[in-house]
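Think of it as A, B and C in the order they're written, each chain with its own count starting at 1.
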Amino acid sequence: MSFLKIERLTKRYDHITAVDGISLEIERGEFISLLGPSGCGKTTTLQMIAGFTDVTSGRIVLDGRDLAEVPPAKRGLGLVFQSYALFPHMTVAANVGFGLEMRKVNRADRDRRVAAALQLVGLSSMADRYPRRMSGGQQQRVALARALVIEPNLLLLDEPLSNLDAKLRDEMQGELRDIQERTGLTTILVTHDQSEAMALSDRIVVLNKGAIEQVGPPEAAYKTPSSHFVASFLGRTNTLEGNREGPSVSVKDQRWTVGEDGNSGPILVAVRPERISFGETGLKGIVRKRVFQGSQWFFEVESEAGPIVVLAPNDSRRLPGTGDTVCLAWQAEDMRVLPRDRAV
Amino acid sequence: MNRNGPLALAFHALVVLFVTAPILVVCVVAFTSRGYLSLPTDGLSLRWFYAIGDRPEFLASFRTSLWLAALSSTIAVVLAVPAALAIGRLKFAGRGLLLSLFQSPLMIPHLVLGIALLRFFTEAGLGISGWTLVAGHLVVVFPFALRLILTTSVGLDQQIENAAVSLGASRWTKFRRITLPLILPGVVSGWILSFIQSFDEVTMSVFISTPHTTTLPVRLFLYIQDNIDPLVASVSAILIVLTVIVMVVLDRLFGMERLLVGPGRS
Amino acid sequence: MSAATTDTAIAAPKSAPRERFSATPYLLNLPALLVIGTLLLVPLIMTLILSLHSFGMYTGVTDDISFKNYAEIIQDSYFHEIFLRTFRISLLTTLLCALIGAPEAYILHRMRAPWRSIFLLVMLGPLLISVVARTLGWAMLLGSTGVINQTLTGLGILSAPVQFMYTETGVIIALAHVLMPFMVISVWAALQRLDPQVENAAISLGASPFTVVRRVILPQIMPGILSGSIIVFALAASAFATPAIIGGRRLKVAATLAYDEFLSTLNWPLGAAIAVLLLVGNIIIIVGCNRLVERRYAQVFQ
């Protein structure tokens, strides 16, 4: 039996369905990301688990207990809010110690555990500061320490890194993963940033309009997206119109043999930009734009099958220039064949 | 910001003179040595300040006014805090209606309130006492307390309270440890504005005062009705100086603009 | 004097934590509702009923119901004169406040850092000083042996003192002083909403300072001037202490009339009828004019 079980969870507001029948099982110790564009119902899902939003229908079972019967204050979850929601009138130590105080932990134990939690997030020297006078990254870590110190059974993180700048975000991602691995805490991370979800999680849950599009490990979701939405949301993808005849797939005059057999007819082909290479033969096109991006080059090619984006590693290989005529090639296993009607 | 031209500054000087002249003249006349209203042209005298000592009713009224203001604004704040938390943060049927009702004393002439309360208390057989004054002042100051507490409670981040609950805080603990400290600036400024409104109220109080519970403004008003002599000038001068001190302190603490105009954009 | 400062309309919260029916908001409002409701609505209704009773010199207040008091007020020219005077005083006071307060607010708005807040305090501070004390100042300035008359006769400008006390002019001057802060607050709030760049844009297009004020600033702060005028007019029409001190017993306005009926003549029903008329007039002016202003300037308020 899984640790957290969500069954057909639904939340309807007056006119819209924010969460539409989500079912999900999460194992103890797992790191799960809820990934989707803004407004797809991530926060609502998290708030229902935490108990701050009423459930319209469906069930949430945590460790064998139906959460409907547990008031929010008694659920024992660790929450990190997008806005951090630190208590502005309390010092860092008082913020972190608040949950222990509520649990009537005695003074000495409390001080010890607060110190340990602050140590964990690297803020030992800031115990007496007030949150307002700290940077975004520091506030984020206080919020994390406050959630961790109560030794929650489940950690819920709502876009905890979205207010940070890129460099700090990378740093905090590493720390988050470290801490989660060290504590073995079951964690649900809400994010709209696909690279963050990929970098951190054991499994990704892709949400769209309140419903689950795909659940799976990051590599699988990236390599074998189950829909056009997932493919385009999980990083840049070229989607091309093509045709299928049994095991053979064609785009313009190019033809690939994919393993499995399928219905014949018009299809969509999804190829990641970094999977495409410039070759002697392949789909013909003209380079319209070439941008240096540090470790790689970015190309926009106007091809027979429409515009295609290509990412080429910045190694010693000679690369085409703007206006050159090129041939684009990729392997059969690098492309995903999607039905045309699934296009969003 | 651009500078004002000489014409504008001249206009400004006249307006400042207009605004300050009657206040200054009270303070100056209070120092006269003569027995009638006049400028102290032949030296300053404290004669009329000592004269207040012979009139214990002024001191008694001052005490009444302080007690009355403290009591009515405290009750107003106690009633306004839960109301403001509900109106400012929850959606419910009748919310607009309640807010209109609570703000309506601002639209009602104090004279009408005085008459209505006098009728109410005599008719209800309660008679007129110190408590009727407290009740009347409560009605008058409640909108001010509510408004200032509302502005802080509207801006309160719901997630901060949710964070406390998720850490195990009960409703009461959440209120005492998180909500109340966060709306405290509004509560304090609301109390102070209520206090000042109550302390200065005269029109309604004239109707529901008794000889034993006459507030200072009412006492002054009734005294002036008979005759204007330097004694009322010295009492008023003390009142003005006290108010100015409070004003400067308030301006330092909260900013007069925030208190009287409402929270601006900056 | 109440400080009916710009009442803040509180927008409905965007997201309520719970949308299922909950008794919590009602329980939270209950204490205030009980207290304010009882102390406000019941007395007002009782006053309305009182105004329908009649009064006899020997019988006192009787329990019959009629519109006799209202009929008396409508028919008697004595009351007409007083209500007309109240209206005239309020209108001129409002005009004076607008003519002084609006330009002053604009001048304050253009001032530099320390002066701006210092003079804002000077302009708004009197609001906190007892209205009796402020009116007393005017009585001392305006009296026949008052400072203004003494100065003017002393300088030889006047041969005999001018009577300001017990005149409408005196009441208007003192009321304008008492109510001026409300106009400044209202116009100041409107000025705060202005985009400072708009003024610069007009200047860059070649507008003279006067044109900027007339064509750019004034239209935008007009709603502020109008809502300030509504507040000042309503407060002037129901003002009591200032007309009572400056106007004395001789120059009656509606409020002092009601006071006399209530506490001197002891004709409570007639006093109540005057109070009811005052209240209704006040509400019509405030609500009605606010509607008009809002409709006219809907796009400025948005």
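Note that in this section contacts are C-beta pairs under 8 Å (C-beta built on N, C-alpha and C of every residue); 3 or more make two chains touch, one makes a residue touch a chain.
Because the structure is predicted, anything quoted here is derived from the model rather than measured.
The innermost chain, defined by the distance from its C-alpha mean to the mean of all protein C-alpha atoms, is B.
Taking each chain's centre as the mean of its C-alpha atoms, the one that lies farthest from the centre of chain A is C. In this assembly, the C-alpha centroid of chain B lies 17 Å from the C-alpha centroid of chain C.
Centre-to-centre separation of chain A and chain C, using mean CA positions: 60 Å. Chain A and chain B have Cα centroids lying 55 Å from one another. Residues of chain A in contact with two or more other chains: 52. Among the residues of chain C, those in touch with two or more other chains are 17, 19. Contact with two or more other chains is made by residues 162 of chain B.
Within the complex formed with chain B, the residues of chain A that make contact are 50, 52, 72-79, 81-83, 85-89, 98-99, 102-103, 146, 150. Residues 1-8, 10, 12-13, 16-17, 19, 22, 24-26, 28-29, 31-33, 35-37, 39-40, 42-44, 46-47, 50, 100, 103-104, 107, 109-112, 116-117, 119-141, 143, 145-147, 150, 174, 177, 180-181, 185, 188-189, 192-193, 196, 199, 209, 234, 237-238, 240-241, 244-245, 255, 258-259, 262-263, 268, 271-272, 275-276, 278-279, 282-283, 286 of chain C are the ones that touch chain B when the two sit in their complex. On the side of chain B, the complex with chain C involves touching residues 1-5, 8-9, 11-12, 15-16, 18-26, 29, 36-39, 75, 78-80, 82-83, 85-92, 95, 98-99, 101-113, 115-120, 123, 135-136, 138-140, 142-144, 146-147, 150-151, 154, 158, 162, 193, 196-197, 199-203, 206-207, 216-217, 220-221, 224-225, 228, 232-233, 236, 239-240, 243-244, 246-248, 251, 255-257, 260-262, 264-266.
Of all the residues in chain B, the ones that touch chain A in their complex are 157, 159-160, 162-170, 173, 177-178, 181-182.
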